[in-house]
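Letters A, B and C mark the chains as written, and numbering starts fresh at 1 in each.
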Amino acid sequence: MAHRKKNRNVGIIGVGQTKHSSHREDVNQPEMIYEAVSLALQDANLTMNDVDCVVHGNMELFEMIHQPDMWHMLGTGAYGKDSIRITTGGTSGATISCAADNLVASGMYDIVMAIGFEKLQEGHTTAGITNMADPLWFRKIQAGALTGSSAYDVSREFGLERANRVSLTYRIIMDKHACLNPNAHRAFGLDFSQIDDLIKSSPKLVGDLKLIEMCSQSDGACAVIYASEKKAKELSRRPVWVRDHIAIHKEEIFTIFGYNRAFPVTKSHKFAAEQLFKRNDIKDPLNYFDVFEMYDPASWWAIDWLRDFFDLKGDEHLRLIEDKEVMIGGKLPINPSGGVIASNPIGATALVRVAEAALQVRGGAGDHQIPTPVNHALASGFGGTMWTVLTMLEKELNW
Amino acid sequence: MSKRIAVCAVAQVKNEPEYAHMRFQNMLLECFEPIMEQTGVTFDMERGIRNIITCSDDVFDARTISDNGVTDVVGAHFRGEEKMAQESINGLGYAMACILSGHDDVILFMGHCKESQGESRRMATNLACDPFYCRPVGMDFQNVDALQAREYMEKSGVTEEHLAKIVVRSRKNAKKNPYARENRQVDEKEVMNSPMYADPLRELHVYPVTDWAYGILLCCEERVKEFTKKPVWLTGYGSCMDRYFIGDRDLCSNFSLKQAAQRAYARAGIKDPRKDVQLFELSDHAAYQLPMWAEGVGIADEGKGGKWIDDGGMEKFNVNLSGGHLNGNPLLLGGAARAIECYYQLSGQAGDRQVKGVKRAVAQAATGGAGQHQAVIVMEA
Amino acid sequence: MAEYWGIKVEDIFNTMQERFRPEGAQGVTASYGYDIAGEGKWKVTVYNGTLAAVERVDGITGCVATMSADGETFVGVNTGKVDATNAFMGGKVKVEGDMGAFGKTGRMFRKFVIAKKEMSTREYIEDMFGTIVSRFKPEEAEDVDASFAYDLGGPDGGTWTVSVKDKKCTIATTIEGNPTVTLEFNDAKDYVDFILGKIDAQTLLAAGKGSAKGDINLIQTKWPVMFEKYKDPMGGAVPEQELLVLKKIISVNQKYATGPVMGRFLKGLKDKKIYGNRCPKCGRIQLPPREMCAECRVRVSEFVEVGPKGEVRYMDVVYYALPDPLTGVARETPYGSIMILLDGCKGNETLPHFIRKDQIEKIEMGWNEKKGTRVRPVWEEKRAGDIWDIKYFEIDE
């Protein structure tokens, strides 16, 4: 039996997120979570009494808290509720969204709240990510999530000059979006006229990956409330429907550095997108979706991954960026929120993608709302050794 | 609940004080292969396993994103994988949701923990406390459990002699369980003279450090025949979170366990657990928890735990015939161990421990100090 | 929350503790309610002449009197922008309950003072550098001999050098010689924002608006100890709570079992041999060996010796000073992290390691049929069965 029809439909009826920032010394961890939880409840016009189950996710070793949902219950509101804790690294936020969707669709719970959280300033992020590598050997070699390999890939294929310009164009589009989003962590006010200057002046991290192109390290929390179709229709005028989701993981180490065309490597983003679109009968995803909230940890990865997600040919992915088709007002706006480059509280990040996509579908994104109708949205999560989670949201229950 | 979830197969390695010759990947592989062999399940995108649930812990593994290390050996390459970062019993509840939602037909659920790897499990559980107050004053699960033990023993008339009896029985029962940690048999006197860890908890009152790994294959009702002739059914799950600060809690009220049990019973259609359930597996991290959780799941009267033991409650309700958590499971995996024992009993594979006519069994497990978060599952033959 | 004259309603309540005058509240025990339209409700309790509580509440109960007003009027009255009597007379402020009791609150609190007009960047710069010598703490400068140069651009910019030697601090408006650390900001305004904590260093560096040269560690670690933090003269109106941050290094000792597969690899290194293992189904070599082939989902047990020489297929030049998670010490940068296709391996079966530091420039990466630079391992004399038994790889000439 292939993928079945959902047991029952699930709608997103509330979204809350904190301002993402590297200066949240004013709150401790549960207090920060409480901010997002209150905002989500307020958004859904609910109280904690209405919530049946709480799903919590983040990465323990970033803040060095074991079983953090025990302490965090002071902010999550889980007291007296069913509650589970699921994590999967960078994709955690997306995974808890999938979990909440499953928990509601199963019929076990009517209203479930997913809470993603990270306070990266309370640990050392790059060292934390490095700790994910096998302690017996690779931990001694890895440099966190930093690699210049995407920059190398794109540059080798299209020339360093064009690649650099596309990467910075993407980066500046994200900054322009972030400037419209009051919750964004980094919003510099960059302009396209600064591209050449930034290529020269921004400090290099690894290879051609520059500081300006890498995501921030943020403190932040996000909460999203999911409800059964019946409840969603009762409680919300504009529920956003979760159509489907898919998670694809990849083996423990990166073995993508052979660079020999006789040995092509299957890419997880591409595989996940193909599978998801196939089972939902989406033939032309680039035209189908009205917005894409992508987990883009660096602009180089974003421009490379665009091709994987939408199965683009030749240099189509670069042209979409050069022609600013990924900007608000373009053919397929990517990250009207400013994306992960602007704000990255890791355990919350992938849930923020779903939350922002839902806001776009609902038409409630404020200054960064896409002006044209948003009926179909896609959100991605990224983590681990090239893991992918994709979530499809819909305005209408008509698929 | 209209549909049931089938447990098709289980596999485990023996509970050991230390797997010095294996890393956790090897241990998981030892569980992965038998599941594949027993069931013939595949990883086909249409008909096979598309999603794997795992259970492990970043702090015990000393590894950020601990599930990254298991991708290969649980078969998750180019399939989904979701880590239950909580007591493993909740992984079964979540597996239920994955299947009932229609998203998955088949779920592989695997977990591992090597408690022997870290210098001290108490250092790990101390990290579960907030860094400002509870950590500096030295709280960890064991110390918090001790506070609960003292209060509970007062309330329910549970004595040192009762605790000793529970420990001796646990080790005797475990001797019949081929997968149980091999512990020395002890008598009551030795238990009562063992070193004091955290008053009133003595060394032998507390489960020993243990390494373990397991695998469980679950599937939807419609497809069960493809994987097994003898399924066991998962029919109920419930969990509940209590408050964090122990000063905010009534430590021996069993608040979260009662809630969790009621929710699980409601889903499974159980009205009276004393009549409707024939076997109980309770996660007793420390000896006092056995009667306390027995009160919580409704088979001992509230405040009468001591008398319940005297009246033979542990035998009457077939509690922890496996030896229980007390004999040795890793902290986070007690729930999976309890569920696996229920599976053996319900499918008639429990060997010398087999109870005749078991139709329904309940497994319970707790996360956090003094059972802050509780979960209960119901399984049926 | 809306702002009136730059002040929010909650600012008034949040500063009550600081503005409380015990001499104006002698012998008073009472609670007062405040219902500010569209903003919320507060309850202020004075007990025996001390301010016992200022709390935000859902409903007002147990108060001797309750004042209701809109936000603008309330802030205006408390800051002197709106005449209180006129507001009361005009019905903009209403009081229910004991009017006389409420009247006493006027004497209990000092007026909320609005900060004076903003300081200009130039004024800030003058104040910041003007107070450096007075903020210097000689007792913290034992054995420090360093100069900190500032080069600030923009219309309000300039140059300064702060020198610390023999527990003395001097300042000059030039940069001469070779300062220990040089901080450059394209715009002096960014420096002001940075010192005031409105923007962080990483953001400035990321945007290319500033740079730091020389002993950056010294300015990060020693400067904050040697100098009192700059106090914003404009920050006086609303005293900020000191935000305490608890700093801890957490370590739990671990012993990782290596198992029969990884153990074999590590033992091999001890004997100057590199082992991979070959999947019985697809034939790919895993390096280092793993228990199972993730692609084929089968156990892998055939070990093969590969290398030790090979070719570079990819190199990351790492500039970012990453702390080694095992030691906490930052690695010296730049270094070259290479992916090596060892002899006997094919396709993507590469092993990551480091290249000899002085050879980064000479490395060529392989691509399709093109061969990359040939490299060989350099072994440690004393080997422990560890990935660092190979010190690094070097070009095989």
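List of remarks:
We take it that a contact is a pair of C-beta atoms (placed from the backbone, for glycine too) under 8 Å apart; a residue touches a chain by one contact, two chains touch by 3 or more.
As the structure is a computational prediction, the values presented were derived from the model and not from experiment.
Interface comparison, A-B against A-C: more C-beta pairs in contact at A-B. The greatest centre-to-centre distance from chain B, using averaged C-alpha positions, is reached by C.
Separating the CA-averaged centres of chain B and chain C is a span of 41 Å. Work out the mean CA point of chain A and of chain B, and you get 33 Å between them. Averaged C-alpha coordinates give centres for chain A and chain C that are 22 Å from one another. With touch defined as above, residues shared between interfaces to two or more other chains in chain A number as follows: 64, 131, 134-136, 251-252.
Shared interface positions of chain C, i.e. residues touching 2 or more other chains, are given as 250, 254, 256, 258, 262, 290, 294-295. Counting partner chains per residue, chain B has residues 23, 59, 62, 71-72, 77, 124, 127, 131-132 touching two or more of them. Residue ranges on chain B touching chain C, taken from their complex, read 19-23, 25-26, 29, 32-33, 36, 43, 59, 62, 71-73, 75, 77, 114, 116-120, 123-124, 127, 131-132.
Remark: chain A residues 1-7, 28, 54, 57, 59-62, 64-71, 73-74, 78-89, 95, 98-99, 101-108, 128-129, 131-132, 134-136, 245-252, 266, 268, 271, 275, 383-385, 387, 389 touch chain B in the complex.
The part of chain B that touches chain A in the complex is made up of residues 1, 23, 45-47, 50-51, 57-59, 62-65, 67-69, 71-72, 76-86, 90, 93-94, 96-103, 105, 124-125, 127-132, 134, 222-223, 237-245, 255-256, 259-260, 263, 267, 367-369, 372-373.
Within the complex formed with chain A, the residues of chain C that make contact are 197, 200, 202-203, 205-208, 211, 243, 245, 250, 254, 256, 258, 262, 265-266, 288, 290, 294-295, 313-314, 316-320, 322-326, 337, 339, 341, 346-350, 352-354, 365-369, 387-388. Chain A meets chain C in the complex at residues 22-23, 25-26, 64, 124, 126-127, 130-131, 134-144, 146-149, 152, 156, 186, 188, 190, 197-198, 201-207, 211-212, 214, 216, 251-253, 255-263, 265.
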